[in-house]
Every structure is written in structure tokens, then in C-alpha cells.
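Next come two complexes, and both contain chain A; in the first it sits with chain B, in the second with chain C.
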Partner chain A sequence: MSNPGLLLILGALGVPLLRGWARRALMVVLPVAALVVLWLLPEGSGATIEMLGLELNPLRVDALSRVFATGFLVAAVLTAVFAFHVRDSLQQAVILVYAGTAVGGSLAGDLLTLFVFWELAGLSSVFLIWARRTERSNRAGSRYLVAQVVSGVLMMGGIAVRVGAGEGLEFSYIGLDGPGGALILAAVGIKCAFPVLHAWLTDTYPEATIVGAVALSAFTTKFAVYTLARGFAGTEALVWVGAVMTCFPIFYAVIENDLRRVLAYSMVNQLGFMVVGVGIGGSLGINGAAAHAVADMVFKGLLFMSMGAVLLRTGTTKGSELGGLYKSMPQTTVLCMVGAASISAFPLFSGFATKSLILTAVAEEHRTVIWLMLLFASAGVFHHAGIKIPYFAFFAHDRGFRVAEPPVNMRVAMAMAAAVCVTIGVAPALLYDMLPYAMDYEVFTTAHVINQLQLLLFAALAFTLLVRTGLYPPEIRSVNLDFDAVYRRAVPSGWQALTRGTTVLGDRLAKPLRRRTERLWTVASGPLRPEGRVGAPWSTHQMVWWLALLLGLVLLLALL
Partner chain B sequence: MNDDDHGDDRRWLDDPRNVTRVVYGLVVLCVLAFAADLFYEKHPHFGFEGWFGFYAVYGFVGSVGLVLSAKWLRRFLRRDEDHYERAERDADE
Partner chain C sequence: MTAHLPVLQVLVPLVCAPFCVLLRSRTAAWLLFLFAALASLTCAVLLAVRVGGDGAQRYEMGGWPAPAGIEFVVGAFNTPVLLVVSAVAVVVAVYSRRSVTSEVDARRVPLLYTCLCLTLAGLLGLTVTGDVFNAFVFLEISSLSTYALVAMGRHRRALLASFRYLVIGTVGATFLLIGIGLAYAVTGTLNMSDLARRVADLGDDGGGNRALYAAVVFVFVGLAVKIAVFPLHAWLPGAYAQAPSAIGAFLSATSTKVAIYVFCRFAFTVFGTTLVFGTMPIDRIGLALACLAMVAGSAVACFQTDLKYLLAWSSIAQIGYILAGISLATTAGVSAGYLHVINHAVLKAALFCAAGLLVLRLGSARFTALAGLGRRMPWTFAAVVIAGLGLVGVPPTAGFASKWALLTALVDQGQWAVVAAVLASSLLAMVYIGRIVEVAWFREPAEPGTGPTASKAPASMVAAIWVLVLASVYFGLDATWPAGLADAAADALLANGGE
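This part shows the complex of A and B:
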């Protein structure tokens, strides 16, 4: 069993068979064992399989795939610990299978293997939404599944085009202009939440279970970033796509009430940074995208964990209902704030060490507009994820919740995630050394640290002033229209209007139409009736004339 | 909203004066960070990056602009909570 991904997937089948501590032990041992196997594997390709004249290469280890797989496995350990208390063995098994698909996908050396894991990721993870077992989550899960399957179909189409063009199945640089490139990029674009294609993410992630949302936040999107980094490095269009991704979700995040949905929007924003890094390409861009992806798996997981803890204890994650929880959940509050500081890129926290790589890559290319957009988004992410999440959940107005801290395992998982965030932040070289390209980069320069502090402190000042002056938009029970309105509202109501319109039109048109046809029939068939002109007995010479005329006509036609 | 509703469990932050102290603390930090621009040498990639207090001003103006424009966008985007489907309980697991 030398494929860490398969190890996780097959091992996960044992989870429902075990009980109690044995099951919990298996849930942690599997990803840890996979991590060990991953780092023992030599760089390069494993055994290849010949199939229908095409070469499959299910296991390829290089620096890029290894750093992503490592991140996935660390996230798998954290999520597994976080899910210890759950009684639903389905969810626990699915988390490991789902993590295994991301690991297997990042180690896939050919496109067909990639496709198989790509589809399995969607098919397994949908159970993390359905596991909530409500009508609402059933529908959300179905919408999620449709998005995943559409992405899979597009990727299959792209692969077929590539094979048809004689490119073979090898998964390396694809490029937008290569055969099938546009189709594969569209497939990746869905899972990577490109603008407009992002709606499934912000629509369905917040509908997942408490542990489900943590798992979802780590794998699918970062698997897509890996595919992008390998297949589309240096694609100019991605720079702009990514920059838009960093900016537009923060407006939604400011006015969104459901705090887990705020996190979903901030995930699109963070993915935007990674997409820009891939688009810029080069050693700094790709390193930045990979490093930030790994950091994001952990700090976004931590934030989803803390909101999951709030949901478990209070029954809601709506900002309009929450507040003052720091009194009863102090540990969760502190751990959440570590995640918030990490995503906001405070010096000494992980986001600072990883996002800087991307911003520096952009600055070194002298892309002024893009750089200003990313800087704006950096201030914006601090606003909604860094301040808004902890502030409205744990501080703001005390809503009188007097609840317990979440179960020990959840706190341990959060503490482990927080430790990873701080470790990467304090000693970024640990992560930098794993990155695909060697680079000479010093993150803690005086200017960089001070500039970042200035940006964040003044963003915090702006928040404080807006809240104190009452200008800050209050949290209110509401939903905001996004592109999911297209498939949740516009298309269904358009279809309904169409069917209703056809019925009304049928009713209105059918009667006069029938009357007219009947009248026309009467007029037209009049001469054919027994008493009509044609039906009456004809005289012989009239018949002969007609016959001659018809025969002449036939002759003429034949001669022509 | 009356913070005294839960007087059984009063904390340091429940006193509005202490909140004001925290705000002043933040203002002091901001002034320090702003003044820090005097004491180090910049190596800007862009010309404007070298302007005095550029990051501070950009962070502040950007944030205010973000929040106010999001608030304005809410007028068009906001719908009732049951716009798509009737609300169900938030309970889980």
C-alpha cells in the first residue's frame, strides 16, 4: 500500500466497523500513517499501467504534489480529532475518504487518475452536507452534487479532447490554449470558485454539518488550486480572475448574517490570492499559492471549527442572534482569534508568512492595479474574517447565552490547528523548505512588518469608528442575492413561467383557432360534399377534358 | 439592547468606560504605527508605497469605503431570510 490516498480511502472502510477508542485511534492513525508513507516515498513516478494504449501513472511524487498532500493530511488529522465526539460513523468515514481523494488527486501523475479522484471528492463529500438530515440540507446537498458533477463532466470532456489530439494522459502543464485546456480550466474554475461559478460554495458549505463544514473547507477547493498550479501556471487571465475573487466576496461578507457563510465568502477571497499566485507563476508565485493553500487549510479549518463549536452549543451561527459568548466559551474565543489573526496575516501568524509571497510576486512584476486590489482585499479580509467573526460571535452585545465549552476533542483539534498557525507564522522556514522552488525570501523585514501592522491597525480603527458611530451595517436576519439566485430562483421561476405561459397561451389561442379551422374546413370541403360543385355528377366531356389536362401536365413534368 | 440584562455575570468589558479605554489603546497603537514610518528605510516596489503613511491611509480609507459601499449594496441585495426556502431549526447532528 504505497499510495497514501488509497491507504486513507481503504482504511476508512474500517471506521464503521469499530467502536469507541478503537475507532478514534484508527481515524488518527490512518492520516498519520499516510503522512509517513508520503514522506518515505522517493521523488518521481511509481509503476505505470498500460490501458487501451494509454499510460496511467497513478502515483507521482514531486515537491508540488508533496506539499499539497502534506497539507491535506495535516488537515485530515485535525478534522478527524474534531469529529471524535460525533456518533455518526458515516461522517467520520466520509471525512477520511474525502481527504484520501484530495491526497490521491494531488499525487496523480495522469489525468484519468486525477479525474477519478476529482469525481470521488465530490461524491464522497456530499454526504457531509446530507448528514445533517434535514429537508434543507437534502436540497443543498443536491445542488452541491450538481456543481461537482458538472465540473467532472467538463474535466472528462477536456481529457477526451486532449487524448483525441494525441496529447496523451500525462498530467503536467496544460495551458489555456492547449487542446482541451479551456474545458479543464472550466472544470477547475467551478471547484476553485471562480467569480460567478463560486455560488455553489457560498450556497452549500454553510449547510453542511458542524464537522462537515470543517472538512469541506480544507479539501475540494485546495485540490482545485493544486490542479491549477500544475496545469495552468503563468496563465495571464488567472491574475485578473484571482484579483476579482479577492475583492468581490468581501462586500458580501460584510453584510452576511450567517457567520459560516461569511467564512465561505472569505474562502473565495483567500482562493483569489492563490489564483493570482498561480497566474503570476514563476517560483515566487507558485510557491506563494502552494504555501497559502496549506496555511488556508489550517486557519480556515480552525475558523470553521470555532463557528462549529458555537453552532453546537447555541444552535445558531447567525450574527444577529449571537454575542457575548466570550464569557462562557473563553477558550473557543481565544482559539478563534488565533485563526482570525492568521487569516488576517498578522505578523507571527501563518497568513503573514504565506500571503506575503503572493503579494511580493505581484509587486516584482510591477502589476500596480492587481497589487492595489490585493492590498484592499487584505484589509477587507481583516474586516470580515479577522474582526467581524470574533466580534459578533464572542463580543458585541451579550445575548445571554450561558453555554458550556465544546467537547474536549473539539478544543484539542482547535488548539492543534492554532499551534500549526502560530508555528508557520513564527518559523515560516519550516513550510518554505517544503515548497516546490528554492527561493531567497526574507519575510520579517522591518518595512514589511510595520507596513502590515499599519494596514491592519488602521483597518481596525476604521471598524471601531464605524461601530461606535453607528455607521456599521447591523447584523440583521436576511439573505443576500448572489449568483445562486440564478439557479435557485431565476431558472426555476423562468421555467414555471414558461410552462404556465404555455398553458395560458394554449387556453387563449385554442378556442378561436379551433373555430377558425372548423370554418375553414366547412368552406374548403364545401365543393367536395355530395351537393357541392366537385361532388355533383360530371358530364363525360368535362371528365375527358380534365383527364387530358392532367395527362398533359404529367407529360410536361416528365419531360422537364 | 441593555447590557445589564445579564447582571449575574458582569465582566471588565461590560463597563462602557473600559471599552472606551480599549478604543483609546487602539488609537495609541495606530499613532505609534503611523509615526513608525519616520524610523526605517523603505524599499518600495512602487513609487506610492514610499509615501509617508501610505499603508495606514490605504487601510483606513479602503476599510471605510468597503463597509459603506457594502452597506449601500445591501439595499439591492437584501432579501427576507425565507426568500429561498422556509427556515428550519439550526440544530445539528
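This part shows the complex of A and C:
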């Protein structure tokens, strides 16, 4: 029971058995106990297990894994408190199991254990989407599951290749030297929302339940960042991948109407910073990625919590339908703005203390282009997450909502998260001391602060000017096309849209084409259906024909 | 007494069979079958212990020495099969009491247990015999009684399924007999170890003897019918789904597995590994058919609308995994195949038992009848999902252990196409298990009137299901015991029967 991850997973089985206060107490005690166990564990590897001729090392504690595990457990406490009021033991239990998989994964000392938790993280968290119990969320959950399982299959393939090549199961630096490393990177890339592979995230997170989105925002992606930090530190390609990740979501976030989806895009953007940090490598880069990941678990959780509160009370998170909520939800407004300030890296808030590590690491390597891209992304994130979210939800045009504040436990959870954000922001040394590499870094230098304030003020100025002059893209109900459209709509509607555009050929081509694709699917799946040629019961003479055919074929092959 | 264990293993169920008919009482017949199953499990355990201690056990029937007389051989290569068959028989015996009375006409129940005893005797005999002709006889004993068992299903379609199985099964058995006849013509002996010696004397490639090659092909194709290798699988879905639930569970866990063992016994210890997998292209043909089975079986399973048919099609895919492991003809591959024989037997028996419980309480295992019942029958569906995840191969279930072993064995040999097929089949398995989850929890019940009947689930059936489910989880968490058995079996087979 000395593994904090297993402690959470097994303890979570008790959640459905308890009621009322006992259940709530268990939900908080479990992650707290796991946190205590984690910090009591000595550094180094635990006992190894021999399985199928391979040596497994399910528990390895070092500074890198400890800082991530600590972040996961803090996020687990916050999410658990946030979920107190829910009358659905499934979600409450799943949150703990899901957190446990992330903790267990970050403490895994070998690739097989990592894979087990990797797969379990996907399988457990899908219930947080399904738990919304609507047709839409059922389908989103299935898409989410497919993405997670594909990632798992890729990782298993990569591990098998590495074992086959005699590189063993140890989970340390992996690198891109062999096909195994590339497969594992692809698996991590899916969960880490690399460009083009990110679509599942922005597609499905906003479809989760209120508490589900909070939990999802904390674990899967940061688990992937951890895997990246340990396995692929200093990989040059990641610098560019990360830089692209910071920039492209900004354009989507600006025009997106669903505020929870805006948050999902800003999550890809924040992950981009971490990926850049990992790609730069070195002590400052890895420290920056780890610190920013921990800070992001809390402030992104806080923002999802506040949007969850809005969703709970008003029934929507559409920017076009919200506004003026500060009158009826003043506490939520303030707490949301703390989260917004943290993600935008205002001095004295957590994002400033952690993001500047990554920016400094980039600057020290003299990567001017990357640095400018990150600077642009910093302005952008302030723009959409720092201003847009609070502005459209709580200020802007008053839509006449007169609703109550969210339940006490939600406010308590948000206040706790806000307190963590401010604490890290005011006293960053608390977090810096936990980081994997010792460093001598001063965050509150005049240059840092002035730079950041200039950036933020001009971004704010730009927003104000655009809104005042009416040039800002209005919040309208719309669906913005992202890469998920490729897999969601490609077969039926992709054809439709494409062919409808070319009106000349339209009727002559589109219909037959659509009919073709439909017929192709029917033809391809037809034989497999219960009444189809393969699926239906075969008649006796068919069976005997096949038998004779196979006998003849094998005889021919054997005797030739 | 202990010297007679190999024959008692087969004799007890064989002798119990006529008494089941003669006593004409349902309870007596059930007790007899339970006794037969327990006795054979005891024999199997004792034999496994003795084989572990002193190596292979040989028993001369009637005191006639080996080449002339019939001998039974128990070695590391068949103790896992004996244990699986007899252990599943015990669990099914416990399960069948309530399940059979609810599905089969009361007058036929003693006959059903008679046939079950005969099937058990036939399967066990097929496993222990050391004589090729005797193997054919036991194959016929088990097959004929299986046809009768399938025909006792609830619907009239069971008769058709049974007839189809009878025709194709008989053709398969005939092929096996032709193969045995050809081997006899070439070597002049029927004893397995004697045959192996004389085949080896002909040289590594069998001396280029065409008749011997034909013998191998006939044995392979004949047994492929019994193994249900795609495209000779067509008897399986109907037979397993239409048979009474307890019978479906028993057959799915045992009969194809024993056929696979018999193929291993012929290929590795009679004709010899180099002849079958080196000189002849049986390894490549086996791998190709295995890939076909994995992908086609799982793909068809995704479209099924009846839980029992879905499970049957998934069996066809899972047999592909086993065949792939064995076709590699390496220690790692054969060991992976054996491990999956054990794990799949446990998983599939659990799933068919759960499907039988659903039939008992809902009257059908069609998806329309199961819709939305996950919350009202949480334990049954939890069992289905846990065992189903085992089929997918999600860690830490039993299916993961064997699939991992298979993947490493395939990667060792550089069989990337087969690795791709295994992974594709796993993805498809995720889809069909996902469909069960979706139907049970996320779909609205068809009509308010439908639902579990007021009667509670019989404790004996629930106990049988959960014993199997927990066993599968245990084998996933701690695979040392089944993996040890499988490794020993693979070593013994590739060392030519450990002789």
C-alpha cells in the first residue's frame, strides 16, 4: 500500500459504498493520505516484480516524479471538494481512480507499468464524459475513447519494439533513435495534444460534466507532459511543435463562442509552453515545464471550475448568451479573475512565476523566433483566457440572469485553488524548491516585471480598442472548423460540403458520390452484418466447399 | 491406485454416462456429472503434481506394452489442458443445475447429463491418449455427444445448427482419419512415440515422402475444422449460441482448446517440428489463417445484435491469437498459445455463463432485451465488462498477460503483419465490448414492461460466474502459475514430447 496511486485507486472503490459526510471525508482523506505517503517515501526505486521474464519497477520516486505527483494530488483534493455536491457516486469514484492513474503513472519506473496506468487513465476518464448522459456526450465519449485507445495501442507497440530490440523496459530517457521511440512519442503526442493530434481534446473536453471537465483538465495532458519530460527531454523537434501549439489555438480561441471550449484551446496553448520547455531541455527548461505543469493543473482547474459554476446556474457557457453575471455571482467573478490573472501570468500570480522560467530558458539559448512566438502566445492567452472569459461571462452585456452563487463546496474549492495560485505567485520559492534541478533563479527582477506588464497592458489596450470600435469578432453561435472535423464529418458531410460548393458539378457528382460512399460502406460492412454473407449462418454445402478448397490449397502449397 | 490415475481420468466420466440414463432422475444425473467432473479434476491435479515431480507418466492399457498396445501418456504438454477441461467442467456442473432445468425439457435432462459425461470423457481421452487411432475414437466420442448436446437447445434453429456441425465435423474427422491412415501406411505403426521415431528415421524432410506430406495436410485441415479456424469456422457461432447456455459455456471453453492441443501433439511430437513447420509451409499458412481469423472474427462480432453470437464470433478471433502463437513454432510462441488457451477458456466460460444468466432472467440475450439494464443488474453486467476487458487485453486482466506474451513472441520473429493484425483485432474488440457497455448503460430500455423477472438470480449460477471472473483477474495480476504451466508445456512439446 506504499504506492500512492494504488492507494487512491483501491480507496476509490469505497466511495459508492459510503453515503453523506463519510463519503465526502473519504474523498478528501484519500488524496491527502496519498500526499503524505508520497512525501514519506524515500527517493529511489521500490521493490521490483518479476513478470513474464521482465523486471518491473512499479514505484520509483525522484524529484521529477515527485513534483508531478504532488501536483496531481493537489488537483485531486481540489476536484474532490468541487465534486462534493454531485449526486452521482460514479463520477466521484472515477475522479479518484483517474487521479490515481496519473499519480501511479508518474511514479512508474518501467514502461509496462507506465503503459498500464496510461491505458487506465483513458479508460477511467471516459466515464466523466459519458456521465453527462446525453446523446451528444455519449458520442463525444466514444470519440474520446478511440483517441485514448489509439494512443495506448501506439505506446504498447513502441514498448514491444523496444523490448524486442533489447533496450529493456526501464523508463528513463527514450529519445527518437529507434522506431520504438517514435511510436511512443506518437502515443504521447496524442495525449499531449500536438498540433493536428489535438482535435480530440478541444472536441470532447467541453462535452464532459461540470466536475468532469475540471478533472480532465488536470490529469491526462499533464501526465503526457511528464512522460515527455522524462523520455524526450532536449528533443529539438519538440521546440517547434510546442511553439506551434502555443500560437495556433489563439485564433480559434478568439472566435470560439463556447467558453469551456475557449478554455480547452487555451489548454493546448499552455501545453505548448511546457512542450517548448521540454524541447529546450537542460535544467531550466525541464524545471520550467514541470513548474508550469503544476501551476496549470491548478489555475486551469480554477477556470474550469468557475465556468462549471456558471454552467450549473445558468445552463449555458455560450458567450453569446451570457453577460452581467458579476451582479449575482460576485464571489465566482473574483475567483475566476484570479484564475484569469494566473493563466495570463500577471506578476504575483502563479503563471508569472512558472512561465518566465520557460521564457528565460528559451532566451538563454538565443532562440529569437521561438521567443517571439511565445511572446505572441503570451499576449494571446491574456487576450482570450485572461480578458475574454471573465469579460463575456461576467461583464459585457447584461442578459438578465439573476441566479444564486454556486453551492458552498464549489466556492470553497475555487477559493482553495485561488489561494494556491496566489501563494505560488507571491512565494515562488515554495514551488522552486520541489523542482528536479537546483537553480539560482530570481523571478521578480525589474526587467521581468516591466516586460510582462507592458505586454499585458498593450494586449488589454488592443482588446479595449477592438471592442470599442466594434471590430472585435462578435460572440455568435457558430461552429468553428478544427481538425476534429476531419474525422467527425469527413465521410458523409465532408463530401456534402465540398460538392455543394461546386454547384456546377454539384447535383451531377455529389449525389452519386454520396451514394457511392454510402454504398461502399454498405458493401464493406454488409457481409459482416448478422444477415450478411460472412455473418449469416453458412449453409452446409458452403462449409464443405470451403473445406475442400482449403484442403486443396494446403495440399498444393505443401506438395509443390 | 495412483498408478491407474491416467486411465481413471477418462474412465470415471465414461462409466458415469450410462448410469445417468439408467437412473432417469434429474438430480441423480446432475450429481453423477458433478461427481465425474470433481473426480477428473482430482485426477488432473494429482497427475499434474506427479508430472511436475517425476516427468511424463505412461500407462499401458491392459498391460499390453506400448507399440502393440494402446498407451496413455501424461506429460507437461497436456496437464494444462487436463486441468482446464476438468476445472471448467466442475464450474459448469455447479452452474448447470438451475440453468439446464430452465432451458431444457425435463425429460431430456438425464440425457443431457449423459452426453455431457461422454463429451468430458471424450475430451479427456483425446488429451491423454498416446495412440493416433485411439485419438480418432475419442474425437468421435466427444463430437457425437456434442452434436446431441447442441440439438437440445431451446429453439428449433438448434437442430439446424447441430446438423450443420454434424456434417462438417464428420467431414473433418474423416480427414483426420485419412491422415492417420496415410501415416500408418508410411510407417506401419499407430503409437505416437513409435510413429515419431519412424518418421524421424526417414530424415529431416520426411525423406521427400509425398504420402507423409499428405498425411500432415489431412491431419491439419481435419483438425482445423474442430479448431474452428477461419474460414472453417462456420459451424461455431450457431452451435455455441443455440446450444443450452451451460453447454455453450462448456464447449466454448474446452472443445476447440482440446482440438488445438491435439494439433500441437501431432505437429510437434508425431510428425516433428522441422517437417511440419520447416519443410512444409504449415507455419506460414497457419499465420495467414490466424490473421484472417483475428480481423474477420472481431469485425463480424462488432455487428452482432445477440450477445451469444457476439461472444461466439469473438471466440473465432481469439482462436486466431492461439493459432498465431503455435504457428510460430518457437518456445515463446507456443507458450503464448498455451497461456491464451488457459486464459481464454476462463474468460469465455465466464462470459457465456453470464449470457446464460441473462437468458434465464430476461428470456433472451438479444441487445434489444438488454437495453438499459446495466443499472438494474449491475453485478451481472459488471462481470460481463470485466471479462470483456480481458478479451480486449486491457491490463491488468488475464487477456493482457497472454496478449503481451504473444506480441513479444511475434516481435522476436519479426512478424510485423501479424502484430498489426493482433492490434487491429484488439481495437475491434474494444468496439464490440464498448457496444455491450453502451447498450447496457446508455440506451433506454425498450419497453417499461420488459426487465428482469422478479425471481432472483440463482446463487449457484452467480457463484460460477464470479469464480471464473475472479480467476481471470487473478491470472492477470499474477500470471506466474498459468505462465509456468504454459512454459513447461512449450518446452516439453518442442523437446519432442519430453521423451
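Going forward, the second predicted complex is superposed on the first by the 488 of 560 C-alpha atoms of A that agree within 3 Å, B and C clash if a C-alpha of one lies under 4 Å from a C-alpha of the other, contacts with A are read in each partner's own complex, and residues count from 1 in each chain.
Just so it is clear, a contact is a pair of C-beta atoms (placed from the backbone, for glycine too) under 8 Å apart; a residue touches a chain by one contact, two chains touch by 3 or more.
Treat the numbers as computed from the prediction; the structure is a model and nothing was measured.
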Who wins on chain A residues touched, chain B or chain C? B
Mind working out whether A:551 is in touch with chain B, chain C, both or neither, as first, second, both or neither? second
Taking the superposition on A as described, I'd like to know which of chain B and chain C A:450 touches: first, second, both or neither. first
In the overlaid three-chain picture, which partner chain does A:517 touch, first (chain B) or second (chain C), both, or neither? neither
Per the contact definition in the header, classify A:317: touching chain B only (first), chain C only (second), both, or neither. first
Contacts of A:543 with chain B and chain C, given as first, second, both or neither: second
Considering only touches as defined above, state whether A:172 meets chain B (first), chain C (second), both or neither. neither
Doubly contacted chain A residues - partners chain C and chain B: none
Per the contact definition, I'd like the list of chain A residues that touch chain B in the complex. 86-88, 132, 134-136, 139, 209-210, 250-252, 254-255, 311-312, 315-318, 324, 326-327, 363-364, 366, 368, 371-372, 375-376, 379-380, 383, 395, 397-398, 400, 402, 446-447, 450-466, 468, 471-473, 476-482, 488-489
If you look only at chain C, which of its residues touch chain A in the complex? 160-161, 163-164, 167-168, 171-172, 175, 210, 213-214, 216-218, 220-221, 224-225, 231-232, 234-235, 237-238, 280-282, 285, 296, 299-300, 302-306, 309, 313, 394-396, 401, 404-405, 407-408, 411-412, 419, 423, 426-427, 430, 434, 438, 441-442, 479-480, 483
Contact residues on chain A for chain C in the complex? 51-52, 115-116, 119-120, 123, 130, 133, 138, 142, 145, 149-150, 153, 156-157, 160-161, 163-164, 525, 528-530, 532, 534-535, 537-540, 542-544, 546-547, 550-551, 554-555, 557-559
The residues of chain B that touch chain A in their complex are 1, 3, 5-6, 9, 11, 13-14, 23, 26-27, 29-30, 33-34, 36-37, 40-43, 45-46, 53, 55-60, 62-64, 66-71, 73-74, 76-81, 83-85, 88-93
